[in-house]
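Heads up, there are several structures right after this.
Next come two complexes built around subunit A: one with subunit B, the other with subunit C.
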Partner chain A sequence: MEQSLPVRILRDIAAVFVTALFMFPILWWALASIKPISAMFDKDRVVFFDFVPTLINYGVTLLGMSRSQLAIDAGLGMGVAGTEAYDSRRAIFDSVIVAIGSTTITMMLAVFAAYALSRMAFKGREGFLNWVLGQRFMPPIAILIPLVAIYKTVGMRDTDNLIMGYIGLMMIYALMNLPIAVLLMKSFFDDVPKDVDEAAMIDGATRWQTFRKIVVPMVRGGVAASAVLCFIFAWTEFLLSLFLTTDIRTVPVKIQTFVTSTGNEWGFISALGTAAAIPSFIFILLVQRHLVRGLTLGSLKE
Partner chain B sequence: MSGEAVSNNARQQWLPSWLSSEHPFPWLFPASALMIVFGVYPLVYAIWLSLERKHPVTRKLTFAPTYNWGKLLGDERVWNALANTFIYTGIALVLQLVLGMLIALLLDSDRKGYGLLRAMMTLPLVIPPSVTAMMFLLMLNGSFGVLTRGIIALGLLPPGYSVLGQSSTAMAGVLLAEVWQWTPFMVLIMLAGLRSLPKEPFEAAAIDGATAIQAFLKLTLPMMSKVIAIAVLIRGIDLFRAFDYVKVMTDSGPGTATETLTSYAGRIYFGNADFPYASTIALLTLIVVIVVSSLFMKIFKVKL
Partner chain C sequence: MASVTIKNVKKNYGNLEVVHGINLKIEDGAFVVLLGPSGCGKSTLLRMIAGLESVTGGDIEIEGKRVNDVHPKDRNIAMVFQNYALYAHMKVRDNMSFSLLLAKRPQNEIDEKVKWAAKILNLEPYLDRYPRELSGGQRQRVAMGRAIVRNPAVFLFDEPLSNLDAKLRVQMRTEIKELHERLKTTTVYVTHDQIEAMTMADKIVILRDGYIEQEGSPLDVYDHPANLFVAEFIGSPSMNLLKGEVITEGVRLAEGTVLALPKSHKAKLGQKVVYGIRPEHLKPGKGTAAKINVIEPTGPEMHIYADMGGQEVCSITSERVHLARGADLQLAPQLDRVHLFDAETGKVIA
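Moving on to the complex of A and B:
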């Protein structure tokens, strides 16, 4: 159905307006991170662009600069406490380690399981699929509280042993991401015709050889898309990290510690928040093509 | 060639057949192990915990199978949290679905520039929800928040009003963050659905003189029903575990105005560390999710 010119123009305006509406909080947030304090807390007016931008907030949170020194250098000379509590380099490290580790674990387990679910006929196949799906339905809080008790008993809390703490958090993230990875990978394996496997096996390859040499290379794009989604979910996760760890502070949890009894450090919060969103933005644009499939556990394809 | 196959089989004969790559066991075992150790075992543990009573002073656990569940039935805060969770889920689901569909219809065009708009629409999805909550906390701040100022300037709220600070509007404030972040989820799925629709019925309808609204109601909606049902199911499950926005923006408050099941369980956990009772509330969440989602899948004949 062709639309007339005025309708088309109206539609373009509406589309741009709606998108801009959804982009506004992101823009506002990024602006907040480079605003001097005076611009952010102006009581009389809303400051949009007429301020002198500063990178102080990024310097403190991402580079670990001393806040009081920066204030003196900037000629503010006010009595600002120079604590190291806003240095977030360790939190970024923790987030990266846990996200990469858990994604690796998830993908290794998921690719194997998904291959069998896609290719083999066996008793209990439906049951296994339902089990995986059921895992996705389960609210994390249901296993979280006992998990804390279990980790305490076996010494897997980060306060007992830092390495075990990382592993503990990775494992629960792996569990959380497993359903999406398994079901998504199964849908990618389903896209590869079974004739491919059969031809290879008639030629004498074992299942394992067929899988490794023939089928996995054909679903490389799917593996990458699934891994990116797992990474993003682990990167943005909040509840599990908040409950399970004390010393390990992933970025979403760390940022909450900037909310203090004397007031929220909005500059640092917005700087770290903006920095935390950037890797996700880059990754999500890389997997646009498979996003819908990923979000619907492989049941809808674009 | 068949000779090679024989030699392959021969090479593996020292392995029991269920350990060979022809058998599903080795393929499924690693994933199963993770799901048993970190999923099933804690769940069984949670059920066991819910049957124990924690002595408030000695902190000893004693077996009292009806204690927590009885307490739960008589706990007004549980019912309040359950109601809040349903309200939160219901309102967010309706808003996200309607807005998602409208925006998808708007952005479903092959013309230049629309691809960029669609890509931009996906960005809110990947911001950590706890950061999104902070964004809206800043924008809804009573004294300098840009949104609050805008609403006050329009004369909709009295000056100095704090949206999140009043129990009557706190839930709306939290929902704003939720709807902003996850409407793009619906937009994406609806777009995928719209793009997979066949063209012919629409062309035929246009020839018959059907209006755009008629075509939407009679053709688009019925053909999209499966897509809508899947989107509602997945979003609904996630909405029901609502925690991040509530925890960061209002910490379940003011009072218990925005307390959800997960945040109430969290409050007990962090508050007096009554693991058994917190587990019981968490299990209630699970039971409700199972019942509601099974009913939904039955009624709407959805299968993921």
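Moving on to the complex of A and C:
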């Protein structure tokens, strides 16, 4: 239905307003990351754009530069002090490894599990599905203490073995993500009609060939969407990462260390926070072409 | 080229038997239509022939070999599905060549076959498109192309036209029929559309509730329905079926309303019967009194719906009739076209 001009204008204004509302905190955060301390803590007014931008915060957190040296070089020596423990390159590296690793593990398992749940009849299938969903009923904090004990016992916590630390985090994230990924993928597989499997079967494909060459390519969009969700979960997770490993500091845990006994390092927090949004953004850009709706369009009559 | 033999085939889902011992012989090169309402077991039967459903009892033979336990891909069949079931992520060419690739045919043979099929089905300009870029009719042709490249012994069609609009359906009907004339491949075609069945089939098999009600050539089934179900199911508008009692003058529908019977008939005096007469064999003329309910002009014909002794009848005539609702007229049955059915068993009184 064609809308009248005032309605369209109103609708556009509303859209811009809502977008601005959601984007504002991100913008504010990004602005804060390039503000000098004087602009951030101006007690008389709120500083929007009239400041001299500085990259100190990024230099320190992302390039490992010495904070006091940088501040002095920039003539901003006043009021800077503290440790040099703001280099976050390791944290970003750890986060990338853990997020990509756990997403890969999750999707590998979820695709198989969801295909089986969608296509194969076996005893207890419905119950299994509910059980899978039930895994998400419990808040992570409820299982945290036993998990810490288990991780300690099997040697995935407090060891100097970095690999075990990575594996530990990847495993727990995969476990946390699996239920939702399985359910999501199942609904995507359910959307591919069984006739397609049967057509492939008559064409001479084995079950594995049908799965690999026909059905999975048809749910590419679903795989991408689920992977994005898993990645974002792993990328932003704080609690489990804090408790289950001492060898690895992921970005959220690292940021939390910027809240110190002598004050909150807002500049570094906002710089790392802004920077931390970028990998997620890149990941989503990479998979978004598969997120196009209606990828299965054309297989069926719509 | 192959015949298909179905011997006492049964299908159970749990304790529920849905196909009750069907026997059917499908000759080599024949076009057989399985026709029936939803839930009659026609698709189940087709899927059993394809190997997509297990057979609970009895035997299915293709090319004289029992195939009950043979994998679908080894049955030398091809199937076209109602919703096309195309591989959406593959181009038309790849959809059609998929089975040949799996069979590890040489590339030049694959190209040749795909080209041949595309030519037959007028798909040549679309080989490098994705299914989503095609219209409904084109998609259905791709599904058929996928089937014919394999040169199978038997084609199975599962209501392939029911997703198309009316015009396209008529067009595709002709195309499928032409394809069959050309390739002469044994074809089993499932539909609930009796017009499709009548126009395409060499043999129609009418199913109901998992039993075969009647089988025969389209005209044979139309002209000689074996029972009330078939009489009503085949033909549009369907046959007039009027309940009555046999008396010396004919069949009495109600007090004072009597329909004439041919001189020789097998019904007994006083027997409760159903008097069947197709609309085109019941024309205005000296006969039984009726009162007009509604007249539908279709262009070539007029469909007259009238009340005859408390039961509605339809009469088709090519004459132009100008009568109002409630007007009286007389309708005369063509006596050699009268069907009599036993009111209790529903079977034709031969």
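Just so it is clear, the second predicted complex is superposed on the first by the 248 of 302 C-alpha atoms of A that agree within 3 Å, B and C clash if a C-alpha of one lies under 4 Å from a C-alpha of the other, contacts with A are read in each partner's own complex, and residues count from 1 in each chain.
One rule holds for everything that comes next: contacts are C-beta pairs under 8 Å (C-beta built on N, C-alpha and C of every residue); 3 or more make two chains touch, one makes a residue touch a chain.
As the structure is a computational prediction, the values presented were derived from the model and not from experiment.
In the superposition on chain A, no contact is made by A:I163 with either subunit B or subunit C. Of the two partner chains placed by the overlay, only subunit C lies in contact with A:P193; subunit B stays clear of it. Of the two partner chains, neither subunit B nor subunit C is touched by A:L5.
In the superposed pair of complexes, A:M218 makes contact with subunit C only, with no contact to subunit B. Once chain A of one complex is fitted onto chain A of the other, the partner contacts of A:D203 extend to both subunit B and subunit C. In the superposition on chain A, contact is made by A:V251 with subunit B only, not with subunit C. In the superposition on chain A, contact of A:V52 is made with neither subunit B nor subunit C. More residues of subunit A are in touch with B than with the other of subunit B and subunit C. Touching of subunit A by both subunit B and subunit C, each in its own complex, is seen for residues 202-205, 295-297, 299-301. Those residues of subunit B that touch subunit A in the shared complex are 1-2, 4-5, 8, 12, 20-22, 24, 26-28, 30-32, 34-35, 37-39, 41-43, 45-46, 49, 103, 106-107, 109, 111, 113-114, 117, 119-132, 134-139, 143-144, 146, 149, 180, 183-185, 188-189, 191-193, 195-196, 202, 206, 212, 227, 230-231, 234, 237, 240-241, 243-244, 247-248, 261-262, 265-266, 269, 275, 278-279, 282-283, 285-286, 289-290, 293, 304.
Every residue of subunit A that touches subunit C in the complex is listed here, in rising order: 193, 195-196, 198-205, 209, 213-214, 217-218, 220, 294-301. Residues of subunit C that touch subunit A in their complex: 50-52, 71-73, 77-79, 81-89, 98-99, 102-103, 130-134, 136, 139, 146, 150, 163.
Interface residues of subunit A facing subunit B in the complex, by the touch rule stated above, are 1, 8, 11-12, 14-16, 18-19, 22-23, 25-26, 28-29, 32, 40-43, 46, 105, 108-110, 112-113, 115-117, 120, 122, 125, 128, 131-133, 135-150, 171-172, 174-175, 178, 182-183, 202-208, 211, 232, 235-239, 242-243, 251-253, 255-256, 264, 266, 269-270, 273, 276-277, 280-281, 283-285, 288, 291-292, 295-297, 299-302.
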